[in-house]
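Here's the structure we're looking at; comments come further down.
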Amino acid sequence: MTYVGKKFPNLAVDAMNEMGDTFKLNVLEEAVKNNKKVLLFWYPKDFTFVCPTELHAFQAALPEFDKRNTVVVGASCDTAEVHFAWLNTAKDNGGIEGVTYSLLADSNRNLARTLDILDITDVRFDEEIGLDMLEGDNVTYRATYLIDEEGTVFHEGINHMPVGRNVNEYLRLIDAYTHVQTHGEVCPANWEEGKEA
Amino acid sequence: MTYVGKKFPNLAVDAMNEMGDTFKLNVLEEAVKNNKKVLLFWYPKDFTFVCPTELHAFQAALPEFDKRNTVVVGASCDTAEVHFAWLNTAKDNGGIEGVTYSLLADSNRNLARTLDILDITDVRFDEEIGLDMLEGDNVTYRATYLIDEEGTVFHEGINHMPVGRNVNEYLRLIDAYTHVQTHGEVCPANWEEGKEA
Amino acid sequence: MTYVGKKFPNLAVDAMNEMGDTFKLNVLEEAVKNNKKVLLFWYPKDFTFVCPTELHAFQAALPEFDKRNTVVVGASCDTAEVHFAWLNTAKDNGGIEGVTYSLLADSNRNLARTLDILDITDVRFDEEIGLDMLEGDNVTYRATYLIDEEGTVFHEGINHMPVGRNVNEYLRLIDAYTHVQTHGEVCPANWEEGKEA
Amino acid sequence: MTYVGKKFPNLAVDAMNEMGDTFKLNVLEEAVKNNKKVLLFWYPKDFTFVCPTELHAFQAALPEFDKRNTVVVGASCDTAEVHFAWLNTAKDNGGIEGVTYSLLADSNRNLARTLDILDITDVRFDEEIGLDMLEGDNVTYRATYLIDEEGTVFHEGINHMPVGRNVNEYLRLIDAYTHVQTHGEVCPANWEEGKEA
Amino acid sequence: MTYVGKKFPNLAVDAMNEMGDTFKLNVLEEAVKNNKKVLLFWYPKDFTFVCPTELHAFQAALPEFDKRNTVVVGASCDTAEVHFAWLNTAKDNGGIEGVTYSLLADSNRNLARTLDILDITDVRFDEEIGLDMLEGDNVTYRATYLIDEEGTVFHEGINHMPVGRNVNEYLRLIDAYTHVQTHGEVCPANWEEGKEA
Amino acid sequence: MTYVGKKFPNLAVDAMNEMGDTFKLNVLEEAVKNNKKVLLFWYPKDFTFVCPTELHAFQAALPEFDKRNTVVVGASCDTAEVHFAWLNTAKDNGGIEGVTYSLLADSNRNLARTLDILDITDVRFDEEIGLDMLEGDNVTYRATYLIDEEGTVFHEGINHMPVGRNVNEYLRLIDAYTHVQTHGEVCPANWEEGKEA
Amino acid sequence: MTYVGKKFPNLAVDAMNEMGDTFKLNVLEEAVKNNKKVLLFWYPKDFTFVCPTELHAFQAALPEFDKRNTVVVGASCDTAEVHFAWLNTAKDNGGIEGVTYSLLADSNRNLARTLDILDITDVRFDEEIGLDMLEGDNVTYRATYLIDEEGTVFHEGINHMPVGRNVNEYLRLIDAYTHVQTHGEVCPANWEEGKEA
Amino acid sequence: MTYVGKKFPNLAVDAMNEMGDTFKLNVLEEAVKNNKKVLLFWYPKDFTFVCPTELHAFQAALPEFDKRNTVVVGASCDTAEVHFAWLNTAKDNGGIEGVTYSLLADSNRNLARTLDILDITDVRFDEEIGLDMLEGDNVTYRATYLIDEEGTVFHEGINHMPVGRNVNEYLRLIDAYTHVQTHGEVCPANWEEGKEA
Amino acid sequence: MTYVGKKFPNLAVDAMNEMGDTFKLNVLEEAVKNNKKVLLFWYPKDFTFVCPTELHAFQAALPEFDKRNTVVVGASCDTAEVHFAWLNTAKDNGGIEGVTYSLLADSNRNLARTLDILDITDVRFDEEIGLDMLEGDNVTYRATYLIDEEGTVFHEGINHMPVGRNVNEYLRLIDAYTHVQTHGEVCPANWEEGKEA
Amino acid sequence: MTYVGKKFPNLAVDAMNEMGDTFKLNVLEEAVKNNKKVLLFWYPKDFTFVCPTELHAFQAALPEFDKRNTVVVGASCDTAEVHFAWLNTAKDNGGIEGVTYSLLADSNRNLARTLDILDITDVRFDEEIGLDMLEGDNVTYRATYLIDEEGTVFHEGINHMPVGRNVNEYLRLIDAYTHVQTHGEVCPANWEEGKEA
């Protein structure tokens, strides 16, 4: 089920920050309580090669998101301990040292199952064992959510595993949505801030 | 359920083209039989104001999509007759005269229900009538699908009603995915054709 | 289920009028609150050829319906935006410019499903997709309802797609029913106002 | 469920003719085997006052229906014996002497239940007795069906109890439909044979 | 289920009398409120040949039933209108003119279904139509009920269609039961009033 | 469910005759194989006072039943041993000495349950015991069945406990039914052999 | 389910005594209210040959049971009327004249079904009739219950049909149990009153 | 369910003999294959005080059972190891040294559950644990079964815990049953071999 | 389901001590009420050869467990009577004389089923008997539970039948867990008290 | 359900080795095909502090396991990528550099769910979201399995999170089980190779 036009799910998830603190982060509350927009992006796994470039790209663009009153949150199904190890691994070694935004550690998949973005391609019942066996790593696709100050999702997108995201497109989408919020006008195709709507 | 990483649904839907012909179009077959990529974009309604700008923008970029072996298909839940009337309405009058790609007329919502992109925000059972009553216009969100030559979805995205799409981003996603197909390399964040991966 | 002899369903539906206003219209309330009879006629689709002749015919007969304390309402499953575009299309171009009564825009089919007048000729469960797939355009037949001042349906009729309606027959039915209301007499076959019952 | 656009139900029902013969009549076969159109009209009860005027009116118009290759069949839920008694009652005594077309005697309501035209206004389960108790006389409304030579219904209409039918309107509907069959043109509103479409 | 030894069902049914009045008659109340016995006899159809002889025979014996504080009620599934027509048909013409007791017009079969005396010999589900189709005319057998002043059934009997009833046997049964009520003695076989028990 | 108009149930039941032999008797086969009519009468219990008078009355009329090609069978739910004891008890002592027809000993109630003639007036589930507890002695009412040579029931009647049967009425019913079989005429009310129909 | 160690079922059953009185007897109450032990013995049928010897043997031992504060009750599924007839049959004729204890007449089998001692050897569903048909006479085995003053069963035993019971063994069991009640000692095998435990 | 009149359950159970061998023993096969009668007696627990007296009593009577072609088998739910320990405990120490017949070790209760002789007095579902919890030790009552050479049970009896059995009574029952087998006569009450039947 | 990290089940079970007293022991309460740790060990059967060595080993280590505030409890599914017999059997004869800790006698398997440690290797439904038949002796594996002062399980282990336990390992596990309780440090592999963590 | 005494589940799971290769490893096949014992140990998470000491301890003991024909396999629910990163982290930095045995990467939890060793302490249905939400990190406890050459589990044990394992105890258990395999003798408590059994 798409969450566009609806409230983001009201769930607290374990998270890790650069300080090594484990804490609970509820994305919906993050938006509503702080009156912020939120960009939440999921990547499949820590310690892979395409993922850190995305994490660094979002880090580099943090000032732009900040100008737009937008909090960035990363997320995977790895544990907080693994996030911390990766945060402590130098960029040159494939690590994400220098990332300062929070990372969800959704190891119990509560949120990922709710959003239905896990790479389970098949479920087959094993008669002998008496349980469903899953096909797939049970990690998330590259899914991205843009959430407004009231917790409503205004964009969601999913890229197949090997294709990285374009940070500027999210800035454009935030600008367009903010324009609608401010001016009450809909934004046509290819609209960009400063260009004529 | 996300279709990323899976085959696009195998369904034939009524469609209209600029010649006024009504025909059946099966997006999956379109991709597989012709060995083409497909960009399928949904918009809420004919004869509204933000929608034609998107349709014109995709029309303007058709040569670029063509270079990338990509067919563009538009789609809404309006009837073929309404599509034809809109195709015959001048751009200055809010029409889409000049659009040459096909438009799905999914009036029975078979495909839109399958993709789960209708704006039904609530369903309530009416005891007196004995049927489910729907909240919402039962039209689609601005959903976009990128499908490869084997019919596999490699991107899906949904924008909330008032926010138009960015055609260039889809060109970038197609380039990135083609790069992966060709070179077997994953594409990092912000990757663009010609820029260093 | 026939609604003859029963109250018309109590449902508010989006509607459009010649001024371009979108509003909610509840046919049952329209009858009961204003102490009016209502003639509600459904046609399959905007921007087709047989339909506008019916809409114009009802428009031409409006003074006669008015004399009989009867409100005329048209209806299809097209959106309000499409109705407005059609209302702004000249009669010579197949439009319905000049129509002044309201048009229901039952795009979510709440009312059409309640009346069971959609052209779904078959429903088949698609095993692969896991949903029911509909055969037919999911638009309405040419169904007509006559409703009295208490909201009770006293005539319903459905014509197959290609056969237009006869406006005079509805005037005769209204007259006959009014005669029964006034004189407490049943009206025999072929009864007409002024002719001997 | 409306039968417009679908085959009439394939059911044989007891019938009575003026000769006092009881026989089985299957309306669908009547149309298809004899390559005829059929007009089937239901009335609530034998030996009432408004009903015989309708039966006489259809009798008077038989030559016109015959010209149009159309068989007329009347129907109620009374028994064949009661039909015969009524056929033997003089017109002046409220009888239908002189009627020559067949009358269905659907005493087991197989066909009337299929068409869903019985005047059951409520069903309530009687706890003590352990059965559903019906509200209403369990007789039919004034329902009319026009069926073409292939058994497809092209018009159905239902009048509330006290309002008699207009025989000419059915002749017009048959003409319009025949026109469509012959010329492949749809018939606009108020179309009449000989008038310009 | 047999009703012998139990209360007769508590149901009001439409009835017709010789005056042409339609009214509701509840057999159980008729017995209990008036402190009367009731003989209720069902026959298959109005306007048949064996039935009127039974109705006349009960009429002829009315003074005997009256002496025994017993009300006679006839019943079929025909409508009140048909009963009235038959009551107005002379005996010589196969009518029941002269009958003065009330006749139930159980056209919705509420009571006949409760007593389970309809001639439905088979029920088969029609897959195409989606409803149960009945075999048989859905009229009643020749069933007879004797009910005492407290509403308890003390005899029920059913004859196959072609065999008429013997009025004297019911007088004997009433006498025997009354003897038991009065003397508290059981009545042996062939007991008759005035003969030695 | 009434068995009138249907075949008598095809069941073999223990029976006892005057010789003290226990054997299986299947009433349906008795009729069909021997091409006989059967009168089967049930009484509540052996060794009561009203019952033997009925058994003696049927015995006395055996020659009349024999003339009419009719076999008489008595039945209760007592055991064959009890029947034999009663058959050996002199009439003066309340016994049935001299009875020569067979008596069903339906102690397992297979047939009585099938005919639904047991005096169970209530069934209540005992929570503590976990079984249904029956109200009533679980013996039969005074039920009588007339069965023709093909096994079809043409009369069934039930008397409340204290009222004995009238043997002559059964002879009259057999005569009337035989008359119908022979002459193909229905028998009116009060018909008797030799009297004018 | 065995009732040993549990309370005897709390059920009132019809019973007959030597005086010919029919009354309700609740074995559990009989024990508890009167502070008595109860020996309840079941036999298959009245008027058989092995059964009366058992009834006479218990009668002969009544003084011994009385000394032990024990009430004897006999039981079968025959009716009270049959019990009375048997009680009035001389011993020489296979009767039980002289028996003075009460006999349960469990004709509705409420208690026998609760104890699960009926000789039903099979139950088969008859498709044609739609009911379960029982194999066996539906009478009881030779089951015996010893119940103490609190209603608890301390022995139950069942003999196959042809084997009579040994009255002395029940006296021994009562003595042993009474010894346990009095001395709080368990009784070893072959224990007898007066012999050393 | 009583097994009297039916075959003993066909189950193999672990058993122990005086030699310390563990083997499978199927009581039904023991009877049928060896053409023997079997006396099977259950006692609650090894190493209690009343139980060994019963085991010794059966041991003492073995020659008598042997004369009657009868095998004795003891049984409890203790394990074979415990049986062996008890068999090796001297009689003076409460042991059963000297017992030579086999002992079933029904520790999985397959046979005891089948016979329904376990002392479970209540079963209550524990919500927290999600399983049924049993009241009682889950050991057997003092149940005794006599089985003939065809495996049919001809006696079953259950004594409450503290009451020992009477070995002579079983010899009497075997004699009586053998008498019936040999002479085809039923045995009256108190019958004993050599005494007049 | 593993109980590690959860409260031990709240169940009272029969137990036996060296004095021969039978009492109820609830392991959870034993821990919580007395503020003790508990070591609960299950063995398959009394009177086997490997088992007593385990029981003696735990007895020998009792002072060490006592020092660590830990109560030892043994358990099998044998009865209290069998435990007592074994406690009274000299060590040289394979007995456990000298054991002073309590032994659970879980003969109804309430606790063993809750812990799911019974050696049932298969369950098959016996059609003829209508019950599940178990494969296996229905005794427990060598399962061991370590429970802390709040009733939480911090170790569970199960050995296959023939492999005895190592008492020292349990002392080490208790030390390690106590170290965590005291110092809030986790204990690495091979940690032992006194050695450096 | 315990797997002791049963075959280890037949499932292939992703695994990582020191070379950085991802491959499928089926523990059951590993044992059976190679005729090896297997020690499989689970730990909660990569990159924690207690876990690496266990992994190093097993590494140090590899020669001992090898001598005993035993393969060591580690396992957690982390991904293969994370395992590889940890394998490449120096021991001084909390890594497991130097570990040479394979590590299961059961990220889809197929095997961990089968073994039922995940730390889910509660499951609650979220009404709003319509899915079960899990309490706990969804990682495994410290569970250990010893599997013999036929794939049968002969020991399983689970430690609560903070308590590390004792490698020597597993060597002892393997020795004891091997002793049983070789000598057919059971091993008493505290048995150690070379010490007297």
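Points worth noting:
Chains here go by letter, A, B, C, D, E, F, G, H, I and J, matching the order in which they are written, and residues are numbered from 1 within each.
Operating definition for what follows: a residue touches a chain if its C-beta (ideal position, glycine included) is under 8 Å from a C-beta of that chain, and two chains touch if they have at least 3 such contacts.
Keep in mind that this is a model prediction, so the values were computed, not measured.
Contact with subunit B and subunit F alike is made by no chain in this entry. Note on connectivity: the fewest steps through touching chains from subunit A to subunit G is 4.
Using the contact threshold fixed earlier, the set of chains in contact with both subunit B and subunit G is empty. The greater number of contacting C-beta pairs, out of the two interfaces D-E and I-J, is seen for I-J. For the two copies, subunit A and subunit E, the CA superposition rotation is 145 degrees, given to the nearest 5.
The geometric centre of subunit D is 80 Å away from that of subunit H, both derived from CA atoms. In this assembly, the C-alpha centroid of subunit E lies 24 Å from the C-alpha centroid of subunit F. Averaging Cα coordinates per chain places subunit C and subunit H 85 Å apart. None of the residues of subunit A touches two or more other chains.
Judged by the touch criterion defined above, the protein chains form a single closed ring in which each chain touches exactly two others. Ring order of the chains (start subunit A, then subunit B) is A, B, C, D, E, F, G, H, I, J. Against subunit D, the residues of subunit C that register as touching in their complex are 1-2, 4-6, 49-50, 53-54, 56-58, 116-117, 119, 121, 141, 143, 152-169, 172-173, 176-177, 180, 186-191.
Considering their complex, residues 9-11, 14, 45-48, 77-79, 81-82, 84-86, 89, 107-110, 113-114, 120, 128-129, 131, 133-134, 136-139 of subunit B touch subunit C.
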